[in-house]
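Take a look at the structures below.
Each of the two complexes below includes chain A, the first together with chain B, the second together with chain C.
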Partner chain A sequence: MTPSRYFIFCLRLLLRQRREVALPLFFFLIVLSLFPMVFPAKDLPSLAPAVLWITALLSILLSLNNLFREDVEDGFLTQLLLSPAPLSSLIAMKLLAHWIAYVLPLFIALPLFGLWYRVPTENLLVLASSLALGTPSLLILGAIAAALSAGLKQGGILLMLITLPLATPILLFSLTITDMAANGLSYTAPAYFLLAMAIVSASLGPLVISASLRISIS
Partner chain B sequence: MTGQYVKIEKIAYTYGTRSLFSDLSFNLPHGCVLQIMGKNGSGKTTLLQLISGIKTCQEGTIFWDKTIHYTYIGHKNAIKGELSPIENLKLYNPSDNKCRQALEMIGLELRHHLRPCYMLSAGQQRKVALSRLFLSDAHVWLLDEPFTALDENTKNRMTLHLEKHTSNGGSAIIAAHEPLKIQKSVIKKLVIK
Partner chain C sequence: MIKHYDSLKIFYPLAGRLMPWFGWAFALLGIFGLYWGLFLAPIDAVQGEAYRIMFVHVPSAWMSLMIYAVMTICAITILLRRSKIAEYWLLSSSSIGASFTFLTLVTGSLWGRPMWGTWWVWDARLTSELILLFVYLGIIALGNAIPEKRKAAQAVSMLTVVGSINLPIIKFSVDWWTTLHQPASIFRAGGSAIHPMMLTALLLMAASFTCYYFWLILWRVRIQIRENKQ
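== the complex of A and B ==
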């Protein structure tokens, strides 16, 4: 088992599980569609970044519920643990495949979101950039919680309880980006902070997840 | 470690307050099958998991010959139902031919090779899991209840593969309830009470 082969394996598996993969995207679209129905149209552009980010956060958390649980239940995790390739590299590949399958479609839904919330194209691009910078850290944070709760029956709630408070800085910095951009200010500082978080999460996250999974299984 | 793949010294494992085993020592020579026997819940799976490194020993030491490698097939099949047997096996070996050969060696008919595994019976799924043995050149096979759900024909086939493996110098540690019907290999038995 090599990391590249495992990456292809994960993508192929996610492609076969397209019904499950589509659910968080539907959740994302349905929740986004609720706000324009209950808020006056003039308030929507100012609400848009917060609504988008909170909905994206919840939809990512929804997708993480089964990230490792299935592997624990079908015994697949033991094969990952015993693989000659480092577990952290396999985990990194799994997370990359998960981001492609679950998070990338959120970007494709952005034009529709712009239309519903009357967000100008330039602001939409800033929102997309903030999502691109923030979602990797968000996914990795959630994956750490998913790994810790993989062996538990009610792991879904624990996943939310662990991730939501930890996700707050990412949410705040992402919203700062859109806020500063809307006011014509340079938003490089919060963008660099999110980028730094993404790099640190991507470097350390798989190691922490590997250790968490080992604890979960033993 | 001359002539031994694994040497186990005074290991112990406790679940909560219940001691599964303690002061357990044995070794696995080349070309030998070690059968771990014991009633349900006696700790056969735990012992295999300790040997494989999935779990860590609470006491004692397990010495592996560092120059060799091993394959572990647990009592769970570790296959993905949405993928076909070939797609599952390609994770371990990218060659379609090698994967097909492995499935044929365990006796899974060609017509099942490309069907999603969830459409296969429990026995056929077990065959897919066991076929991983033939994709690795592991010196030691660690098998947890390998014969579960298998028909007599496949059990005999698997026994022949085990005999061939040991005649080539390989070894196996097998947790199984039923006594193994191996005739041509040296069998050691370890009963956990």
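== the complex of A and C ==
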């Protein structure tokens, strides 16, 4: 299977599993709705970036739970190993499809989030750009953990435990962006940091993930 | 040369011969270091007697990082070539590293109580040390979840290497974030030169802790070699 064909295959598969794909988005919206219930309305705009990021972090990690599990269990991964294309290129395509299916909807939910938390549109744009810069490395980091815990019983909780501490820089850099923007400062420095992390993880990540998968199915 | 010592047949008796040396060095250096730190070192001008917990706190903080560095070396070895000893060493190190990190946090919090007036501050060092503890716990959890030793060691080495790339970034991001939000902590870099008596006690304790780590790890690796034989 060529990488481009595998990409289409992954997208079609995710499109058929529409109901399952919608669950992390559903989770995202429910958790977002909890904070306005428990915090006074005046605190919401200052809490908004942190709440959005932590909720996005959790729902993305939740979506990664089944990223490789089925492929490992039903032997599809072994099939992929036999294909002439390198496994890492196929993994990259799978992650791209996963990002489109699970992370892109979070952007579509942003206007609703802005409405709930009274975030003005220009701040919403800053938040959207921090998400766009931070989520690729987050997804790849989580995918490494998903690959390492693919065949295990407690895979879901392990995935969280492994990824959350390692994901703190992404969270902090993203919140530095919104913080600096809120204070009228230029936020190019943290943005470049996130971009650099995204580039490094996108280039090395698929290799690490394929090596981890080989360990998991060995 | 390394290949020679990598064989279990040579490593097992060698470790057995080295263990008492490390054990005694740990005990003697520890007694000297504690005596030096608790009785000989002068009282601190600002912090009074309470600063003496530093002689446990600072060496444990060093150990928490050194053990991670040793684990990274083991992990790279495992990923590049087969090595039973590196596997045992890596898997046994993570819980010792986590213990030292925990000890650092506890002693730091005991120190913080009289100095800052609170047990816990979200200061850059405390936060990154806490994240290091979570990284260690993640490594332990992954290692325990995989029943086959070899596979566990390989998965853990992958995670350790990813973590070793990530740890400096964590440190940097936490520093940056906390400087944005809080005034600098009371420890300033290069603020005051340390008294030579204090430094001596500190180095003795650090040497003692390092010997303790090697004593314990050789012990554990030997146990694992024996377990594997049966």
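FYI, the second predicted complex is superposed on the first by the 218 of 218 C-alpha atoms of A that agree within 3 Å, B and C clash if a C-alpha of one lies under 4 Å from a C-alpha of the other, contacts with A are read in each partner's own complex, and residues count from 1 in each chain.
To be clear about the criterion, contacts are C-beta pairs under 8 Å (C-beta built on N, C-alpha and C of every residue); 3 or more make two chains touch, one makes a residue touch a chain.
Because the structure is a prediction, the values reported are computed rather than measured.
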Three-chain arrangement built on chain A, chain B and chain C clash or fit: fit
Which superposed partner A:Gln79 touches (first chain B, second chain C, both, neither): first
Which superposed partner A:Ala56 touches (first chain B, second chain C, both, neither): neither
Partner chain in contact with A:Met93 - chain B first, chain C second, else both or neither: neither
More chain A residues in contact - chain B or chain C: C
Which of chain B and chain C A:Ala48 touches, first, second, both or neither: neither
Touching partner for A:Leu106 - first (chain B), second (chain C), both, neither: neither
Partner chain(s) touched by A:Tyr6 [first = chain B, second = chain C, both, neither]: first
Touched partner set for A:Gln17, first chain B, second chain C, both or neither: first
Which of chain B and chain C A:Leu67 touches, first, second, both or neither: neither
First (chain B), second (chain C), both or neither touched by A:Ser218: both
Minimum Cα separation, chain C to chain B, after superposition on A (Å): 8
Footprint overlap on chain A, comparing chain B with chain C: 218
Chain A residues within the chain C interface of the complex: 141, 144-145, 148-149, 152-154, 158, 161-162, 164-166, 168-169, 172-173, 175-176, 179, 190, 193, 197, 208, 211-212, 215-216, 218
Partner chain B, residues of chain A touching it in the complex: 1, 5-6, 9, 12-13, 16-17, 73-76, 78-79, 81-82, 84, 217-218
Contact footprint of chain A on chain C as seen in their complex: 79, 131, 134-135, 137-138, 141-142, 145-146, 151, 154-155, 158-159, 162-163, 166, 169-170, 172-174, 176-177, 180
Of chain B, residues touching chain A in the complex: 49, 52-56, 69, 72, 74-83, 87, 90-92, 94, 116
